[in-house]
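Common to both upcoming complexes is subunit A, partnered first by subunit B, then by subunit C.
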Partner chain A sequence: MSKANGVKRVALIASKGTLDMAYPPLILASTAISMDWEAGIFFTFYGLDIIKKAKLEHLKVPSLANPAMPVPVPNIIGALPGMTAMATMMMKSWIKKAHVATLPDLLDVCREGGARLIGCQMTMDLMGVKKEELVDGIEVGGAATFLEYASEADVSLFI
Partner chain B sequence: MGPRVQALLWRVDCRGMPMPYPLLGARAALARMTQGDILGLLLTDRESELSLAAWCRMTGNLLLCSTERLGVRCAVIKKGDGRCSNR
Partner chain C sequence: MDEPSQTDKVLDAKGLLCPIPVIKARKAIREIALGQVLRVEATDKGAVKDFEAWARQTGNELIGWTENGGVYLFYIRKAKE
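Moving on, here comes the complex of A and B:
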């Protein structure tokens, strides 16, 4: 349901903590901001890593069970030690070569654009994460916090 | 009377900037412009260029043209009334 004031809103759930899956919510939210939409992202389960100070710049690409990698790696090779680091290194080199924005930059755009960035309380309890471990400008909330926000959203996606 | 000539007063150079910075650049410029003003946007990011038509519809502006030369894309946007025209 659209809001009464006519401003559009996007509500996203970021549930994955890999480098590749951190991009869609941040690109969508920052693009929404460029269109003067309201944007909110609920970071839950492994998605919480995207807003962890210690993890944000060290998210990885899985080398296992990922047949869509541009250079296909058989699972038996992907399981070897160091393959995750290698897949991550390759992805980071492509990101650099294609001049794609970095995750910290995109997160900055979201924050400066007034996006609501909500860390999932339940996940934090479950995984023993403290609020101090999260980057600045994050609010901690629960499922109802997100649902209330999403109930007035025009676009709502689970990523 | 000859044809009406309008100088391009508003220009934003987003060459080398990745998505979504060109869109944010356009947004910042358009916020300072008045309806009917023309904005010239230079960009090299393909994704941003492809997004521009939808972006303009959603933000109530008009994409007049978008051309590429020597790897640089130039989009010309006319500031509209701000009403989403994607209906």
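Moving on, here comes the complex of A and C:
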């Protein structure tokens, strides 16, 4: 249901902690902000890694069970030590070459645009993550917090 | 399209990919006054559809666009504060 004031809203759930899966929620939220929409992201389970200071710039691309790898790698090879690092290095070099925005840059756009960035309290308790370990500008909350926000959203996606 | 007689601000977004051109456009349009024209230069092949959508969503007027050698020029009149 759209909000009474006519401002559109997108509510996203970021549930994955790999480099490739960190991009879609941040791209959609920052684009929404560029269109004068409101945006919110609920970072839950491994998606919490996207907003961890120690992880944000070190997210990885999985080489295992990833049939979309540019050079198709059989799982038995993808499971070898060093393959994840290699897949990650390749993706990062493309990102740089194509001048794709970095994750910290997109996160900055979200923050500056007033996006609600909600870290999942339950995940933090489950995995022993403290608020100090998260990047600045994060609010900590649970499913009810997100659902209330999402109940007034025009677009809501689980990623 | 007929190019507007006056461009008040130019945004160079050449070489940048989605979603950076629209993010920069938001910043740039905030720096001009109502009725003034922003020209965005972009090479992202998705930019035409994206700027059409962006203009509709932000309430600004996409006067038109041209393409020359892979460089798109978008003329956007600020129509909303």
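Everything below uses one rule, namely that the second predicted complex is superposed on the first by the 159 of 159 C-alpha atoms of A that agree within 3 Å, B and C clash if a C-alpha of one lies under 4 Å from a C-alpha of the other, contacts with A are read in each partner's own complex, and residues count from 1 in each chain.
One rule holds for everything that comes next: a residue touches a chain if its C-beta (ideal position, glycine included) is under 8 Å from a C-beta of that chain, and two chains touch if they have at least 3 such contacts.
In this text the structure is predicted, and so the values were computed from the model without any measurement.
Applying the stated clash criterion after superposition on subunit A shows that subunit B and subunit C collide. Once the two complexes are laid over each other on the shared chain, residue contacts for A:A101 go to subunit B and to subunit C alike. When the two structures are aligned on the shared chain, A:R111 is found in touch with neither subunit B nor subunit C. Once the two complexes are overlaid on the shared chain, A:K92 sits clear of subunit B and of subunit C alike. In the superposed pair of complexes, A:I33 makes contact with subunit B and with subunit C alike.
In the superposition on the C-alpha atoms of chain A, the part of subunit A touched by subunit B in one complex and by subunit C in the other spans residues 8, 27, 30-31, 33-36, 98-101, 106, 109. Here subunit B touches subunit A in the complex through residues 16, 18-21, 23-24, 26-27, 44-45, 51, 55, 58-59, 84, going by the rule given at the top.
Of all residues in subunit A, only 8, 27, 30-31, 33-37, 98-101, 106, 109 touch subunit C in the complex they form.
By the touch criterion stated above, subunit C contacts subunit A in their complex at residues 15-20, 22-23, 25-26, 53-54, 57-59.
Put simply, subunit A touches subunit B in their complex at residues 8, 27, 30-31, 33-36, 98-101, 106, 109.
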